[in-house]
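Naming follows writing order (A, B, C and D), and every chain is counted from residue 1.
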Amino acid sequence: MKLAYWMYAGPAHIGTLRIASSFKNVHAIMHAPLGDDYFNVMRSMLERERDFTPVTASVVDRKVLGRGSQDKVVTNIVRKDQEEAPDLIVLTPTCTSSILQEDLSNFVARAQEQSKADVLLADVNHYRHNELTAADITFEQIVRFYIEKCKGNLPARSEKPSANILGISTLGFHNHHDCRELTRLLGDLGIAVNVVAPEGCSVHDIQRLPAAWFNVVPYRELGRPVAEYLQSVAHQPFVDITPMGVIQTAQFIRAIQQILTAGGVAVDYEEFIREQTLFVSQAAWFSRSIDCQNLQGKRAVVYGDGTHAAAITRILAKEMGVRVVWAGTFCKYDGEWFRSQVEGLCDEVIVSDDHALIGDRIAQAEPAAIFGTQMERHIGKRLDIPCGVISSPIHIQNFPVGYRPFLGYEGTNQIADLVYNSFTLGMEDHLLEVFGGHDTKEVVTKTLTADTELEWDEAATRELARIPGFVRSKVKRNTEKFARESGRNQITLEVMYAAKEAAGA
Amino acid sequence: MVSQPTTIGGPQFECETGNYHTFCPISCVAWLYQKIEDSFFLVIGTKTCGYFLQNAMGVMIFAEPRYAMAELEEGDVNAKLNAYDELRRLCLQVKKDRNPSVIVWIGTCTTEIIKMDLEGIAPRLEEEIGIPIVVARANGLDYAFTQGEDTVLAAMAARCPEPQQVRSEEEKKERTLGLRSLFSMGKKEDKKSEQQASTPVYADHRPLVLFGSLTDPVVNQLTLELKKQGIKVSGWLPAPRYTELPIVEQGVTCVAGVNPFLSRTASALQRRMRCNLVNTPFPIGPDGTRGWIEAICKTLGVTPKGLEEREAQVWAALKEDVDFLAGRSIFFMGDNLLEVSMARFLIRCGMKVLEVGIPYMDKRYQQAELELLEKTCNEMGHPSVRIVEKPDNYNQIQRIYELQPDLVITGMAHANPLEARGITTKWSVEFTFAMIHGFTNAHDLLKMVRKPLDRNNNLKSLGWEKLIQEV
Amino acid sequence: MKLAYWMYAGPAHIGTLRIASSFKNVHAIMHAPLGDDYFNVMRSMLERERDFTPVTASVVDRKVLGRGSQDKVVTNIVRKDQEEAPDLIVLTPTCTSSILQEDLSNFVARAQEQSKADVLLADVNHYRHNELTAADITFEQIVRFYIEKCKGNLPARSEKPSANILGISTLGFHNHHDCRELTRLLGDLGIAVNVVAPEGCSVHDIQRLPAAWFNVVPYRELGRPVAEYLQSVAHQPFVDITPMGVIQTAQFIRAIQQILTAGGVAVDYEEFIREQTLFVSQAAWFSRSIDCQNLQGKRAVVYGDGTHAAAITRILAKEMGVRVVWAGTFCKYDGEWFRSQVEGLCDEVIVSDDHALIGDRIAQAEPAAIFGTQMERHIGKRLDIPCGVISSPIHIQNFPVGYRPFLGYEGTNQIADLVYNSFTLGMEDHLLEVFGGHDTKEVVTKTLTADTELEWDEAATRELARIPGFVRSKVKRNTEKFARESGRNQITLEVMYAAKEAAGA
Amino acid sequence: MVSQPTTIGGPQFECETGNYHTFCPISCVAWLYQKIEDSFFLVIGTKTCGYFLQNAMGVMIFAEPRYAMAELEEGDVNAKLNAYDELRRLCLQVKKDRNPSVIVWIGTCTTEIIKMDLEGIAPRLEEEIGIPIVVARANGLDYAFTQGEDTVLAAMAARCPEPQQVRSEEEKKERTLGLRSLFSMGKKEDKKSEQQASTPVYADHRPLVLFGSLTDPVVNQLTLELKKQGIKVSGWLPAPRYTELPIVEQGVTCVAGVNPFLSRTASALQRRMRCNLVNTPFPIGPDGTRGWIEAICKTLGVTPKGLEEREAQVWAALKEDVDFLAGRSIFFMGDNLLEVSMARFLIRCGMKVLEVGIPYMDKRYQQAELELLEKTCNEMGHPSVRIVEKPDNYNQIQRIYELQPDLVITGMAHANPLEARGITTKWSVEFTFAMIHGFTNAHDLLKMVRKPLDRNNNLKSLGWEKLIQEV
């Protein structure tokens, strides 16, 4: 057992349901006890989805438990087949019902006999996988199923360059806006979007996937297995560079250029990249402009899923001149990749999904800003450190009505604002504090500093009070450290200034 | 075509497939950990349970709540790990970090399925670590949403001390004046207030204990209403602190519930603690509140005074909203078990109740409420109410399309899709958390019912009813 | 003299310079003492402008004052004419130099003799006009000058429907993004943009203005005089409905439909409006969706320039179901129009530019949210009331890098987010407070409640503490009022509940 | 082609058109109202002045500052309204709302042009309302940016009391121990500290008053540096409170400035108050700080001790940054009058100074600084420095294009356009507000100079130098 208050990724069945309900005209049957169907609430509430979530709980109660689930599950599948006429019905248990060790494949086989729709059992171990890995598995399973159904009779490559976008799904972090921006970007490059999957993709569309010249996999967490499968069966290359930030977006475009050139269409996107980088996107100019000069050397921590934490770390370090004290991810299963991405861009890498550890490490680092999940945002509130949210777990604030992509050139603008506002809004609060606009706080803040026998005299205490809140505890600790090392037990102004000079050297 | 009951009379009961959406009963942790200030709730379940709590509780999660998941991992499910050892490890940590007065174990579907013997383990561990452990099996196999509270209170009822168990006067005072705040009038007047408290404003009656978790203001309000009748509330289950659980004198103490979903608690108090259960409707709406007070008075042998005027006065204050709601139709999809009480009050307000979905109906515990419902229907000329137990949401939605109710009270999963189809909705869960009990809050309840109607009325001129693409 | 801490609109010369420096290849000479040229700083810093601001101060110092400015001003004009080869040089004094009562027209006449560029004196009274009205005057003056130069030889109407967008200027509130969105919207309607002015418009473009079928004047504060002038000399109709919010955007489109139809091109945009309103814009659905239900009846105050305050009031009241307790504007010169716009949409109208009064009225109203300027945002911070910024005076935060229009259909999305975040972020803070996530505050908040002899007993005090901060002071006042009226001087729980019932009735 | 001075020797002075950008001198209000805690600043000017303050002060405006505009309206400008009456009305309101110890009137260009007799009105009104009124003519006709402070301090200098004017011991203590915080060691040790304070750690020397507004930490730091030399600072102009203005004994007290823009204050102290002005470079950089302390020591007849080591020690701490900066070129467009002192320090660091623009140069008051500059150039083998008074920004930019300096120190109006053209810049105004004086802060000053170079170095690989469209 594990004592837990918070998890960064949901259970496996959430991942499966995200895939199933992203597809068009696919219905999922969740074989689970009452109350386990909160996925429907999440989708309906967070995405403000207008349609009923195509997921039906086949409720396991004490009675069902007594006499076995098979009849109920099969009945519910067949009933949905008639009521909704879906192309595909996906059956999934949850952590709970998976322990019953029922022969669900047999349920599916029986239901298939009476259904027009295809019926599939999502093939996931609910104790070994989480939302992210389960989504990846289910996505691949469904695509494979329909491609295999073609029996090698795959469509021909489209005449003009085209691409599939793989990995856009319901309840994904800013996925809809990212997809719109990617489509626009591909359009600017003269490339048509063949199929977007799984979001809005029908099972018939799956069979059209091989017509694209290549696949785009913008997120590390979803779509790679599908892209790899399509590469093996349909010889489709794929681009798995996340086009987040100006540098990576340029890399992404160059990778596409290579594919097109190899495919017989010679293109040169360098001028497009230059124009977008310097003049259409405002991010490069933003970074160079004078009021962002003070971002130089500012300290930040970054934490999130692999895709976003790696990309934001790169942007902060390379494009903004911000010092990333540590970068971390909760995608432990992909820790090696994450390390390889951020190596050299930050002082330290942390791969952990222990929110308490993450909170402590933030408190210790005392960064000027955090870029993390909703959890880190709240940690930041407690510590009085601003936080920009850059990653799932999703929250209603990550489904803005206004256009807020993270990818592509408009994404670079949005990220520039996020970074700027995180640092300056924090700054504004501190200025107000310094200039007495808000209630002034207790001078010696309750921080991680251990109780100490050092005594601050009145003048030094007053001096400390003048130091803005966001560096005060650091000055306090540095001074105390210096005092201890130099064997003094009262801190006077002299000690403070001497400590400052010593630290500066 | 949906067959509409037209006969006047008792409610018609139906039962459907049970393919309906409601929150998992472990959600009761959300309000109970706040209500019982010295408690710690440990939910023993899977990632699925944990992620549900995290999403359902929203912002609360960040406020360092006094609850946590004991997340079952593969080794726990395979029984490769020893449950006693694992729970011991976690509870010791909880003791070290928080030192609560009680740890409540919330069993889940998974502990049921793997047959983890929580009731067997708890007494041993309780002794070992020196903190009471209460076991509640708030699982979705047996219970729905609000019934989670029922499982906790039923388990906790057994921990109410008998009078002889309470030795010190101080403890006695704490346990009998469970409303700590209510009778202390501020420091300046300490003496005066003690005199006041000893003044016999109360009738001489058997001890009365109320059960059901309400927010403190509502607890105070209901206690004051009973005080006006000369009735002293000896205690509430739950009390604000576990150490203040009310004294229950077997065979003597009377008990009354404040919520319709507490049937197991009622029977635990009746059977295990040999209390006298007051058969009463629930204090929702002025009608229900009056009925509730009257039933208590009757059981305790106190003659109610001024209740009719009090009710009339509240109705007068509600007039504008009642006038607005009268004649409008409402459909309860069924979620929190408050449905019958609300339907009864709203029928009294002149609304037309098209269906009362409800996860579970204990006809005995709800007897007085069902009688009041029938009486109300008769008096208001409302047709017999269709009560659908274990509803099937798909079927209900078909009925909603057909009946086109003015308002649908529904769980969170269906509200947006219904709104997008031009059907006005209100979340049932809001009524679970809002203060709606007693005379004082009847107004708030009506305001909540009215708000979505006002809103869509307000937006009506804009022509934004159908917000889905016609296929 | 007037004791003033804050002004909502700048001095007149700022308006003139905003117009002059918005035009392309126009240079302004500011005849003013050292330090009065902070317009250049504002433009460079707030807009992160890459180019040097085309405004040169002809510095008036003690020496110049002694011997007269004429030589210096004329020299500077002529010099700029040579250095920058502008099409037009605009001369403006400031409040200070305008008192010198010099014959500036004569300066201009002399400078004109030696300059290739046209030279104009901006004709504004610096004590009677402010930034907004001065901008309007200068804009009209320049347009009139170049149209008159055509001597009636105006270009013919374009073959296909086209429009000018008038009123987009530098340092305007979200003007650039609004312009992009308007252009997109007109494009969707099949209408080409002929000229945008003054931003990026050359003096040659001014002479092309009459080719458009009609003019669009999105902002009340800038462009109407130009539109009216063009209507009189070139018979161009104009649309002066601000397309902010779904309702007004529809009205705007319908007004265009009328003009086109009258111009011989019958169009029917109703289906377009329906599609955009219900499905492309997410604002209508947002408003109807369930988690916005609680916006119904929430109390807000709105304050800003005429355009934005009126439009946001309409959106809140009509589209969102929010109750606007009062709506106000600092555009006193246009108070009548403002009243006519918001009448019936709010409980009270306030026309004032006294920031102290506005602050007091906000404190008294105790709204759940404020929609105002940066000043109101800070008032909100003090009062712990969230504020969405909807109007100038501009601030660097109103020049986001990411796309944030207020106009058109994407504008409706952005405004929906603004409204939602203002209410819910405030709510989240309060929830955290209620659930003890933050340090709890003093129970009886320092509010406007006058000192009172009423005594709250312990139980009532504790009950009051349980009430969330954002309504606590209201409950406190209501209860005290009730207690006073019913002649009690101690507040107990009974009194509190009785007060609540009385208030509910 | 810009002619580059190559000869070693004294600086070469030039003067241009004065068409340059700098902040209005009334901006001094921003820091002085914070520095003098019991003051209120009333800026008597137009909307133009008010809007400037509002934009320049940014967030400070919201913190209820102790300053306001007396906004001149048409009637004031036309002299239709009586200035005395108007100012009386406003000052009475200020007295009522804030009750400051002093009201400082900041005259502006407009009061100059309409010849409002502020100096005439003030004494009468001061008497009438009972609050001292200090008049400073911080106008843009005569002064630039930081000189605003000079006008205020010069006016305030006349208010420094003579010893015989200060009667009570307490007041004397306040005024002579202007650094209230410095010698009180916390409550526990009150007695001990008083003993300490009376212990003769100080040499016997004439009273020394320092002038110039620095933030409190820097005031403390410089005071401590002098204390190390046995020199006691009798007071600072300005003091933290108006009521604590230092005692000035005519003909006896020595005064030394900390900033190069305070020439009028210096001459007011010299001429009106008959003080002995120490001719000294300014305490910017370890070299300047050492020179400043030495000059003070010399004037007071104290032999400096350990200064050479102290300077060397600071230089050692700066080594990394000095190594980085050595050989790089810098161009000052001219803004805050700190330019010469900074240039001198940076030449000592090995930088190449291409031009020192400066709004105004008082060669007498800056004499020691200019001498140190010449000495530094000689020792570092740096060519004679071109000092351009009243520069012309347009011409400067042409020179910048040609010389391609590594760094341009510039006002806010030109930074972004220069950056967009690939020229690295730093805001001069940051040096005005940052703590850069004395030994302790030399490091911060170099860090500030270095930051933009580091940054653009960091971004270099991205090829984002030219961010303008080539025409």
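Keep this in mind: contacts are C-beta pairs under 8 Å (C-beta built on N, C-alpha and C of every residue); 3 or more make two chains touch, one makes a residue touch a chain.
Labels paired with UniProt names: A, C = Light-independent protochlorophyllide reductase subunit B; B, D = Light-independent protochlorophyllide reductase subunit N.
Predicted model, so just to flag it, every value in this text is computed and none were measured.
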Neighbouring chains shared between chain B and chain C, ordered by label: A
Of A-D and C-D, whichever chain pair has more C-beta contact pairs: C-D
Centroid distance [mean C-alpha coordinates] between chain D and chain A, Å: 50
Centre distance in Å when chain C and chain D are each reduced to the mean of their C-alpha atoms: 38
Separation of chain B from chain D, taking each centre as the mean of its C-alpha atoms, in whole Å: 69
Of all residues in chain A, the ones touching two or more other chains: 45, 48, 50, 285, 289-290, 378, 381, 432, 437
Chain B, residues touching no fewer than two other chains: 62, 65, 412, 415-416, 420, 467
Touch-based graph of the chains, sorted into line, ring, star, complete or other: other
List of chain C residues in touch with chain D within their complex: 1-7, 10-14, 33-38, 40-42, 44-45, 48-53, 56-62, 65, 76, 83, 94-96, 99-100, 126-128, 130, 375, 378, 381, 393
Chain D partner contacts - residues on chain A that touch it in the complex: 246-247, 277-279, 284-285, 287-290, 293-294, 296-297, 318-319, 321, 428, 431-432, 435-437, 455-459, 461-463, 466, 490, 492-494, 497, 500-501, 504-505
Interfacial residue positions of chain A with respect to chain C in the complex: 45, 48, 50, 282-283, 285-286, 289-291, 378, 381-382, 396-397, 400-404, 410, 413-414, 416-417, 420-421, 424, 432, 437-438
List of chain D residues in touch with chain A within their complex: 34, 58-60, 62-65, 181-187, 189, 216-217, 220-221, 224, 314, 316-317, 412, 415-416, 419-420, 425-427, 439-440, 443-444, 451-452, 454-456, 458-459, 462, 464, 466-467, 469
Footprint of chain A on chain B - complex, ascending: 18-27, 44-48, 50-52, 54-56, 61-62, 65, 68-74, 76-77, 81, 86-87, 89-90, 93-94, 108-110, 113-114, 139-145, 359, 394, 397, 411-417, 420, 467-468
